[in-house]
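Let me begin by presenting the structure, written as structure tokens, before commenting on it.
Chain IDs A, B, C, D, E and F follow the sequence of writing; residue 1 opens each chain.
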Amino acid sequence: MKLVTAIIKPHKLDDVKASLGEVGVAGMTVSEVRGFGRQRGHTETYRGAEYTVDFVPKVRVEVVVDDGDAAKVVEAIAGAARTDKIGDGKVWVTPVESITRIRTGEAGADAL
Amino acid sequence: MKLVTAIIKPHKLDDVKASLGEVGVAGMTVSEVRGFGRQRGHTETYRGAEYTVDFVPKVRVEVVVDDGDAAKVVEAIAGAARTDKIGDGKVWVTPVESITRIRTGEAGADAL
Amino acid sequence: MKLVTAIIKPHKLDDVKASLGEVGVAGMTVSEVRGFGRQRGHTETYRGAEYTVDFVPKVRVEVVVDDGDAAKVVEAIAGAARTDKIGDGKVWVTPVESITRIRTGEAGADAL
Amino acid sequence: MDYQGDHAWILTSSALVLFMTPGLAFFYGGMVRSKNMLGMLMQNFFSMGLISVIWGVVGFSLAFGNFGDGGLLGDFEFAWMRDLFDPSSGARPALDMIYQATFAIITPALITGAIADRMRFSAWVWFLGLWSILVYSPVAHWVFGGGWMAKMGALDFAGGAVVHINAGAAALAAVIILGKRKGWPKTAMPPHMLPWTLLGAGILWFGWFGFNAGSAGLANGQAVQAFVNTNMAAAAAMLGWLAVERLKDGHATTLGAASGAVAGLVAITPCAGFVSGMSPFYIGAAAGVICYLAIQLKFKLQYDDSLDVVGVHLVGGLVGSLLLGFFADDVVNALGQYAAVDGVFTGGGWGLFKDQAVASFATFGYSFAMSAIILLGLKAVLPKGIRVTEDEEDQGLDLTQHAEVSYALGDMGSMARE
Amino acid sequence: MDYQGDHAWILTSSALVLFMTPGLAFFYGGMVRSKNMLGMLMQNFFSMGLISVIWGVVGFSLAFGNFGDGGLLGDFEFAWMRDLFDPSSGARPALDMIYQATFAIITPALITGAIADRMRFSAWVWFLGLWSILVYSPVAHWVFGGGWMAKMGALDFAGGAVVHINAGAAALAAVIILGKRKGWPKTAMPPHMLPWTLLGAGILWFGWFGFNAGSAGLANGQAVQAFVNTNMAAAAAMLGWLAVERLKDGHATTLGAASGAVAGLVAITPCAGFVSGMSPFYIGAAAGVICYLAIQLKFKLQYDDSLDVVGVHLVGGLVGSLLLGFFADDVVNALGQYAAVDGVFTGGGWGLFKDQAVASFATFGYSFAMSAIILLGLKAVLPKGIRVTEDEEDQGLDLTQHAEVSYALGDMGSMARE
Amino acid sequence: MDYQGDHAWILTSSALVLFMTPGLAFFYGGMVRSKNMLGMLMQNFFSMGLISVIWGVVGFSLAFGNFGDGGLLGDFEFAWMRDLFDPSSGARPALDMIYQATFAIITPALITGAIADRMRFSAWVWFLGLWSILVYSPVAHWVFGGGWMAKMGALDFAGGAVVHINAGAAALAAVIILGKRKGWPKTAMPPHMLPWTLLGAGILWFGWFGFNAGSAGLANGQAVQAFVNTNMAAAAAMLGWLAVERLKDGHATTLGAASGAVAGLVAITPCAGFVSGMSPFYIGAAAGVICYLAIQLKFKLQYDDSLDVVGVHLVGGLVGSLLLGFFADDVVNALGQYAAVDGVFTGGGWGLFKDQAVASFATFGYSFAMSAIILLGLKAVLPKGIRVTEDEEDQGLDLTQHAEVSYALGDMGSMARE
């Protein structure tokens, strides 16, 4: 089992979801995060005082997959999330030792 | 050290917390996430236009535990979070190489 | 590659960011979480009914780094986030098997 | 005498009282959980729609037709908006009709606080309409329309009985019949956004000047006195509530400030044009303290009066209606259309108090019984009943009753248009 | 006769109508995505600033100068705030000026709902000012200022044509010239916070009493009738909209309740002081149903009228202006400054209807054409054009036009002061 | 002459001014960090409670007793709500009392913007009460009550000195004594929810018509002129503020639009019934520009006037009070209860300006000194002092002072009822 974690641009989520569907991924978990990196943040002004905000809104996508599917899933995400502009994000893979479906107690690939 | 990550239904959080307390877990970190899976989302209507939302609100629970406790913790979570309805979620375990308590610098099991 | 995950106090984020900058970390992802541990929560009162909230607001910082940098990064975070009061949080390290920069497809250290 | 000055004030008052219903919607809305926010707003706003129509078609006539008959119900004299437009009086009947419409709208809206989070919207629609015709119009006739209570000598300046005891009694019947919210009282159900509640309280306080001072019907000294009393009772009740809250719970809360003010406004409603001097302070302070204590009852007696309509409106209405028996001042009374009468403290003996007690309990009894009958009837008749399913309650009224959500603040858009 | 009572009502009405523009800002603001909330609020609030000044300097004079000339435009009689303060009449000209100022402010503000999320703020500033002088003042003169439409015999009590058809036609021109929002209609763009929309609807309903009943100019029977009609039409339209929505979509929504009420308020605007009895119910119900159906058109015809200004204000304004030709009642009319006239249903034949149709379509044609000319001119002249860049649209108006964000609720502070 | 028309307007104005305090609460509340939202709301709403009571019991009498004595303080003539109800005048004294109560409520509430985020609630309670009696009532007597300033010939139509300079001076004393917020000015403390601020600004603008036009005391031409001036000054100030902001910072902001409008409303307050023609535009524009520049001072001088009460109210109040010495117009003046007098630009020479300057600085001096004395006294006397602890400041006023939170929007419920 592998956990594929991707940090993507918020408006690419629908494309990523569709692309994951195409490679047979039936479940995922997403959350709102803020990213810091090469992409510049923005400036806000309140009554003459200027503020810089370095963090930009991103979405984190997490998918647990079978070992053999990890590469394919990484590719599906990266393909769908690419806009070729700075800030497109990262995808990384970490090992998962076990997984359980809470409802049934099934483990391993059956839990996905 | 293991990191146990669970995706559960939001209203089961209190039960899971209680159950973790019973097996001696003294700390955890939780966050709001959205899940996609077998459980259906919902439909919204605004001025005659219909929208479908596939993601459903979930809570992610993360607990770092000693290697030996992982199985017990997974069981405690899965037991408490079960409602036997679709969408109860997953629990997975990943390896942790080191952990530090920021306040004291303690490492390993002492950091928990 | 390692993933360094830290749970810190929200108002220490700027210090941690600065400190990471000093050790050469150019990117990170942060998110709002709630923590449960030794630090006490708070009490709210509404029309005479009292409620206790055990969870306290925390920020999760995630940084993917080269294997060799992990220790340094943990130290940088722990140093910057310390207030010596209960609730300063944890830092843990997990293995990362691969990482890709979505925009360019670069992998490994080049993706950071 | 010219009527323009009076018209100006009653037109303004009508607008103010109409605005109270959105205010009430937000006062309540801030207190429910976020998944039920729109459900709460909708139940209130819908009253502005449905009751306006019912009131114009038949409600006003049932309440104010046969004016001064000393009886139980009006007639169909003004039904279908008939005979309201009389140019010589500047359309005074139409002015009275629309001013009273705003009272007819907000009274059932008060009940929504009790039944929060669990009533089917379609059941609410039925209940709202039936209640207005079968309960509100008759009770309004008894006092405002010159019915038996007015004849008996009971006083109710702007609706302590007609509005607050009436709605509070209906609320009590409704929570008993509907049952508790799932999880109550074990599960915490704290307010999701108190600033809405404070905003609503501000609007209510503002609009209540139209409610009470407008009830003088003219821009005269009684209107001024009612205005003064309204403000002072709200203020004293806020202080009273906060004082006891601080003593008992250790903190003075913003919800307490808002709730106390509303309790004072409720209690002064029947008294506004009938008392003077320091009286509004005493009545307000009493209401603040008593209502705070009254809302603790629901935990003891185990009825889920979700946002304390019983504790604030029923109890506050009783406090005001009964205290009027003590504080009524015939110098102020004399200005209005009512007979001048004094209370116990002002040398008038116990006569008025007795009338007030009779009127209060008659209102309570009729409203409680009739509301229960309507609800039990609807429960039996409506195919899906009057309460949402457990699943719907979990998901919230916003999604299940209205297919909407209140807040979509996040950056993460994932929604598909069909 | 003393004027104080009338003054009291028109001062109050002026305040109420002024308050409608913030109400409109929130009504619209709740419907846009959160990144454009402040942009929406700003376009509306800015109208309170810019138009007040323009109106005082020249706009009022262009609309109301040369009063009753039966012509096309006023003159400079009152320019630079001249000759408004006449102590003997209690400064009645100044009172008329400021009351009408609030109409001049809200009319272009209505357009912001159509162009939501994509117009440069600086382009809006130019458009707003030019439109007020070149479109609003002339059209106001035609009817309110005693110009050609008034002479012809067309009626417009409070602005069915001057305000709603006028703004709706401009909105249609604007969305055609500006183009669709990026992603529309495929991308979902649901309301970010409906409670704002409901709050705005509550404020609008409240303020509309000043809009319509204030248009009687006096605190007389016509004002009362207009007040009654306003409330009843809003109510009936809410029910009408919700009924058809429930039938077609399966749910009665809070957005529908708010939208329906506004549609009814729009439609009754031209009729408010001219119809009586049950008429407001019929006009309102028609508006509720027709406007609901009209807003579905944009998906068919593919114009991105973002918050349905065309569907609600243009169509609602037409419904009201034309139905007045059927329902006008000379008993009520007679009270005002206008000639008494009946409609088709009230025995007056088709004469009035024809005038209404001519006035409606003339207003539509002039406003549409002139708005298009202004916008095309600005597009050609302004260095950065009239629309934000794609990137700015993605980021939202709040950040790119105003360097601000609406919501900062989180605990995670990471912001540096320069 | 009938009084009903005047009563209608002053009753309406009283309601409008009362509504300004909730408006102010939200205007300020939107600008603080979310953890202090309820703390801000509470400080304002509490003023409605406490000051109403104090004003009725003693404050009004201290300010308006001994009317026209040319002295320093009123007496106890009206204490304990005595002698306010006089049927022959339609209870005019009671009407004046309640109208003025709303001013007494909002004036200290203005100070809450300066001391945001760091004052103990119990210390605020004490300060509020003492300040009202020791500072507000005397200063109100000097001008409004016919005290020495009025006798001298200084003019203050609706409270440029009594309200704005007075509150601004107290704010300055308070921020010096309380000290800076933890982290200021290094840590960013941006507004948590600007829509609240815009909503508050809308309510303030709306209510300010009651504040200024109500100060005529009658529904006459002066009221109309004051209404016109109020609107026009707010508008011009919004444009002035935005223009300089755009030049200096590159963007016109919504916070700027709201702040500019408020600055204009402040500056026109002393002038509203005394100037005419284009004057409100000049006064407003000057206030917009000058206040924008004034708020930058705090960074230079290092006092943490958190939401710019000094920059907007003290400076704006001074701008208006002093400019009145230039723009006063005796044609308008003559309508009121004051002596007709002209300013520098209107041929009246420097006499009025001198009086205005004396009145402004006397108000500033007295309020600053007395406020400092009260605060230093409280600091010495109150067991926990006047400021929250560092830890409490970190956690926020909502939790630590009121045991509440503002926003609970999430799906994740984890709260236990005790």
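The rule is short, and it goes like this: a residue touches a chain if its C-beta (ideal position, glycine included) is under 8 Å from a C-beta of that chain, and two chains touch if they have at least 3 such contacts.
Keep in mind that this is a model prediction, so the values were computed, not measured.
*Asks:* Along the shortest chain of touching chains, how many steps lie between chain A and chain C?
*Replies:* Counted as steps through touching chains, the separation is 1.
*Asks:* When the contact pairs of C-D are compared by residue number, which of B-D, C-F or A-F has over half in common?
*Replies:* Interface equivalent to C-D: A-F.
*Asks:* Distance between chain A and chain E based on Cα centroids, please, to the nearest Å.
*Replies:* Between these chains, centre-to-centre, one finds 45 Å.
*Asks:* Cα centroid separation between chain A and chain D, in whole Å?
*Replies:* Centre-to-centre distance between chain A and chain D: 51 Å.
*Asks:* Roughly how far is chain D from chain F, centre to centre by C-alpha average, rounded to an integer in Å?
*Replies:* Inter-chain centre distance comes to 33 Å.
*Asks:* Which chain F residues sit where two or more other chains touch them?
*Replies:* Expected reply: 2, 4-6, 8-9, 12, 188, 190-191, 199, 249-251, 253, 255, 403-405, 407, 409, 412-417.
*Asks:* Send over the residues of chain A in touch with two or more other chains.
*Replies:* Within chain A, the residues that touch at least two other chains are 11, 17, 30-32, 34, 44-46, 49-51, 54-55, 94-95.
*Asks:* Going by the contact rule set out above, which residues of chain F touch chain A in the complex?
*Replies:* Within the complex, chain F contacts chain A at residues 188, 190-191, 245, 248-251, 253, 255-256, 259, 292, 295-296, 299, 308.
*Asks:* Where on chain F does chain D make contact in their complex?
*Replies:* It comes out as residues 2-9, 11-12, 14-15, 18-19, 21-23, 25-26, 29, 37-38, 41-42, 45-46, 48-53, 56, 80-82, 84-87, 89-92, 94-95, 97-98, 101, 121, 196, 199, 401-409, 413, 415-417.
*Asks:* Across the complex, what residues on chain A touch chain C?
*Replies:* Residue list for chain A touching chain C: 2, 6-8, 31-38, 54-55, 58, 60, 74, 77-78, 81-95.
*Asks:* Under the stated contact criterion, what part of chain D meets chain B in this complex?
*Replies:* 394-395, 399, 403-405, 412, 414-418
*Asks:* Of all residues in chain C, which touch chain D in the complex?
*Replies:* So the residues of chain C in touch with chain D come to 44-51.
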